[in-house]
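So that you can tell them apart, the chains are marked A, B, C and D in the order they are listed, and the count of residues begins at 1 in each.
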Amino acid sequence: MKIGILTSGGDCPGINATIRGVCKTAINHYGIEVYGIHNGFRGLLDDDITPLTENSLTGLLNMGGTILGTSREKPFKRRMSPASEDKPAMMLNTIRNRELDCIVCIGGNGTQKTAAKLMESGVNVVSIPKTIDNDVWGTDISFGFDSAVSIATEAIDRLHSTASSHQRVMVIEVMGHKAGWIALHSGMAGGGDIILLPEIPYDIHRIGDTIINRLKKGKPYSIVVVAEGIQTMEGKKAAQYIAEEIAYETGFETRETVLGYIQRGGSPTAFDRNLATRMGGHATELIAQGLFGRMIALKGDRIDSVPLGEVAGKLKLVTPDHDLILQGRRMGVCFG
Amino acid sequence: MKIGILTSGGDCPGINATIRGVCKTAINHYGIEVYGIHNGFRGLLDDDITPLTENSLTGLLNMGGTILGTSREKPFKRRMSPASEDKPAMMLNTIRNRELDCIVCIGGNGTQKTAAKLMESGVNVVSIPKTIDNDVWGTDISFGFDSAVSIATEAIDRLHSTASSHQRVMVIEVMGHKAGWIALHSGMAGGGDIILLPEIPYDIHRIGDTIINRLKKGKPYSIVVVAEGIQTMEGKKAAQYIAEEIAYETGFETRETVLGYIQRGGSPTAFDRNLATRMGGHATELIAQGLFGRMIALKGDRIDSVPLGEVAGKLKLVTPDHDLILQGRRMGVCFG
Amino acid sequence: MKIGILTSGGDCPGINATIRGVCKTAINHYGIEVYGIHNGFRGLLDDDITPLTENSLTGLLNMGGTILGTSREKPFKRRMSPASEDKPAMMLNTIRNRELDCIVCIGGNGTQKTAAKLMESGVNVVSIPKTIDNDVWGTDISFGFDSAVSIATEAIDRLHSTASSHQRVMVIEVMGHKAGWIALHSGMAGGGDIILLPEIPYDIHRIGDTIINRLKKGKPYSIVVVAEGIQTMEGKKAAQYIAEEIAYETGFETRETVLGYIQRGGSPTAFDRNLATRMGGHATELIAQGLFGRMIALKGDRIDSVPLGEVAGKLKLVTPDHDLILQGRRMGVCFG
Amino acid sequence: MKIGILTSGGDCPGINATIRGVCKTAINHYGIEVYGIHNGFRGLLDDDITPLTENSLTGLLNMGGTILGTSREKPFKRRMSPASEDKPAMMLNTIRNRELDCIVCIGGNGTQKTAAKLMESGVNVVSIPKTIDNDVWGTDISFGFDSAVSIATEAIDRLHSTASSHQRVMVIEVMGHKAGWIALHSGMAGGGDIILLPEIPYDIHRIGDTIINRLKKGKPYSIVVVAEGIQTMEGKKAAQYIAEEIAYETGFETRETVLGYIQRGGSPTAFDRNLATRMGGHATELIAQGLFGRMIALKGDRIDSVPLGEVAGKLKLVTPDHDLILQGRRMGVCFG
């Protein structure tokens, strides 16, 4: 048996651990051959594929990024294109020529969609969710999320000393276009006083009141954690907009920080390494049992899988009645 | 309404975040007064109790240890003692005089037992599990565990370079007297080749074979992660014993490291801070609803509670068919 | 004997360790009383001053920020102001009334200037340099710098995986308005391929060539570290400008990160803690010996001091023949 | 021109960065060919040598350990050995056959001795000091030291919470057989109350008094940092012995931690990376200029070199009048 493995979409801590989990289980336990497909689905178009051996897995467990490379190639996206560029056919051709019995697709929401289409084209597919944003539907948690939250929390920790030493309002923008999971978890873990998520509309007056109330209680400084995807005006970026509005509302000196790409990089946390390893191993389990068309998922403390077709196109968003939000509100955190 | 809060048993990252969660929810949301009882149950014996205000909670979220102090005092342990030392009566007296409507007990297995006895004496009790060992029965995870696993994993990461540079077998001993959770999780996250838990008997020949097989595959070094509670001979400590046995079996140079107390200390991970905050807040929720005699528990991704009477005296151990063990075995990890 | 201590200008890791060093040496060894002046020189204007005892020093060694608070108050700056606002006189008044025999001023270049003016007004002053930028003249290194370099280096480490996984050029902007010390040291420690400092003019074509040459050598990604103070056009911020120019020059996909305030915050490195402790202690030594009007300085591995009057108004900049730049160039790093 | 490079003795953070510094400067700037000699001097005996190219240097800057491997082989040590085992001749033979114009030796005190002997045998040698212990004579600081101090300081930080929560005396043993540099620097940076070095005799009564005095001041806990090489009795290890003696002297509960090998491993600090890079680059500079027989050294902030013959056999120890010790004493730290 021969399988191919590819990584697609934004990089995220734990991808290499997943690759290692898939491959070590396949090679060591089932005698399945594994081929690495380079740069996401583009590697299927270009037939850019090399075998993975146990030796190529050394050092992967705690290495950031993806040794396979990644791209945002979406081969099923319909375009006005010349006949020679029938990308789905090119991929099928590669898979047939290489005699690959299954393709393991590691990626976020976009990748899940493409994987579902590949499956509909008759290819055996098992997919694994991967996103620091934690917004893939069907799994409780995706690997990469805990690492991103850890980095963001450490950054927020660092801002506290500046906030209190200078009596300022520090605004920090973390990742999350549509889903506010990172802002919610790092905001709560970092002791944010105000936490703004794309899912919850905010009222700048209420934010100002929170800051003024803190001042009255002898705390002339505040930490504001915002997801990049919150609504702003005039095309302004989240942190800048909120910092300006707060300065206008309260008269406080404000400073903004956009955490950016360092949330995606570097070595995964122990939690993410184990989640990635387990998800990778479970993918190989399914393949060995001949179960295809499924996305690996964490359910409670158990690794399971869901039909790939059910996942595609759905987003897992924070709901306003999420336990951590309710808990935060009771403790005096303002969610907008 | 007035409640008391105490921390008992070994310290662990996240206790202060829990205290903060209990208190902020109580003071800010329910107007409940909270009193800090010092040094565990000893504070109830000595009436060593002070009020906690919102100001006393500043900086607690990411601070290690416990601001309330802790002790291993077990007031219900029967002893040959003079009549003047009726500890249960002394505690009840303090609680009555202070007019405390409920005692929140934060602690590990020993504390849960004492809390259950206190409840049987007619006191309203809500308890919160706390242990880096993750062995409290009834909750999926206890706070402190993720922090301990992170520290242990980082330490194992560091040993890899010495192991491969010197072609040695490095043995690292992590905490876990009866339960091997830390060894299992840090061993897998740290890429341990051999992982030994108190729950799984090991065969030193099989361990030797694993090391020799790695040598044959061109890897003349190995990482061995052992829980402190594994069986040894002649009263030797776990790491020393295993290092000596491996040296004898394989002829390899071995070195041992005992990680020790640094696993308990320092700032909790983001995961533990949020778990601690949620558990603390939920304890106050139960109290506000008049629900006593329960231990807070994590079930899947939900904070819940279990009857305190069901918890006491039980340990949550690793079972040999745990998913992470099965996954590890398929990847070639030796569990003894 | 009584002394006052104040912290002024931007916060920086190690200030609290310095305060601790000054005070423990004063109180414990010399029996000198120490008074904390709040919010920089503003505390002298407002007579906002409290005694510091040994107990108030607990936990300061590794705490970020400054427990005394800080401000950018420049009391000697001439203004069109009403007679009632003679700030120098107000300060002298406070110092006289409080019977302070010496003021210890901890701060950056602006603070050194103010401290020199205070000295000229007849006040005994000892100052201590403090800046993450490392641009205070007269000392080899200032505390805060090693911490800032560590944080920036860790951030650059994290970008490598994204750069190589996505085949991108990652541009990271670190602090340094006039001096490029952080960019130089973190750029070299983080393996930057291109490092741009305010002190060295750059040629965007040469930068483009470096990136193209790396591509030709099989490295289709690069890391660019820029100080915030480099020359740009149209008022653009450093990272954004360079990222856009590189994209235009090379056709590479570029991404930018502005590290911002997290470089100033959090616990100081071991190096900075010891440097801060030694500088603080040496300040007290000078005071005990009646030596005033000096700024503490690191010279080689020795703590020494320089006349405060010589420091004020000078900046310590990176010179193009700095050893680390020459070394970098020989290794193929492009400095513009 | 062709040079060989080897790493010998215990591994230490920064070796790989040094190799990278030597090689990148040689290959990129001078067109010198570099050959990696495996497992220290043993590689010269076994002719275990491979060329190093720029591609083999990727990822070395922040990687712990040594990609060349190391050993404790001392080829000049005189032994009763058969004629066939003339190790010096074997090495010279390899160097001649390989046409190596110079050998770069990276190592600690033992390596410097062997390098000096190799030089006396007529081989061109340039050596680079490497030791976490910082005890190589002739250089202000060796790379690896700052990393070891950082790890030890972080560990000490973690013990504070346990010490204060449990009212215990925590004893931590750090590396340093003959030299107490790590204990001194991490002890001061970690806020140790008692710091014991091999160079300074201690009096257990004075240690007990320090702990009792802290108790009287309301601090019923203490942190004790000991170097592994301090004098003990009955062959006991440092931490255990001191913990037992303190318990006997004071009645305090004591706990010990032996930090061990994690001090040597993992990624070097930014400081060590730059020191290693500069030392490596300077070694190549000397070679390019035809200057041999020298050990690279840090002098103040400048990279320089000293005659190898002057270094061998000398140790750089802590002197009792070291600035950090005097400073510590004035702040109330007990050095025995």
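The criterion applied here is as follows: contacts are C-beta pairs under 8 Å (C-beta built on N, C-alpha and C of every residue); 3 or more make two chains touch, one makes a residue touch a chain.
None of these values were measured; they are calculated from a predicted model.
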Legend entry - Given subunit A and subunit C, the chains that contact each of them: none
Inset, instruction - Would you mind checking which chain's C-alpha centre is most distant from the centre of subunit D? - result: A
Inset, instruction - Could you tell me the distance, in whole angstrom, between the mean C-alpha positions of subunit A and subunit D? - result: 41
Legend entry - Computed distance of Cα centres, subunit B from subunit A, in Å: 30
Legend entry - subunit B and subunit D: spacing of chain centres that average the CA atoms, whole Å: 35
Inset, instruction - Give the residues of subunit B that touch two or more other chains, as numbers and ranges in rising order. - result: 157
Inset, instruction - Let me know each pair of chains that touch one another. - result: A-B, A-C, B-D, C-D
Legend entry - Contact footprint of subunit A on subunit C as seen in their complex: 7, 10-11, 15, 39, 63-66, 69-71, 151, 154-155, 157-162, 164-167, 170, 255-262, 264-266
Legend entry - Interfacial residue positions of subunit C with respect to subunit D in the complex: 21, 24-25, 28-29, 54-55, 58, 61-62, 140, 146, 149-150, 152-153, 157, 185-186, 188-191, 217-219, 267, 269-271, 273-274, 277-278, 281-282, 284-285, 299-303, 323-324, 327, 330-332
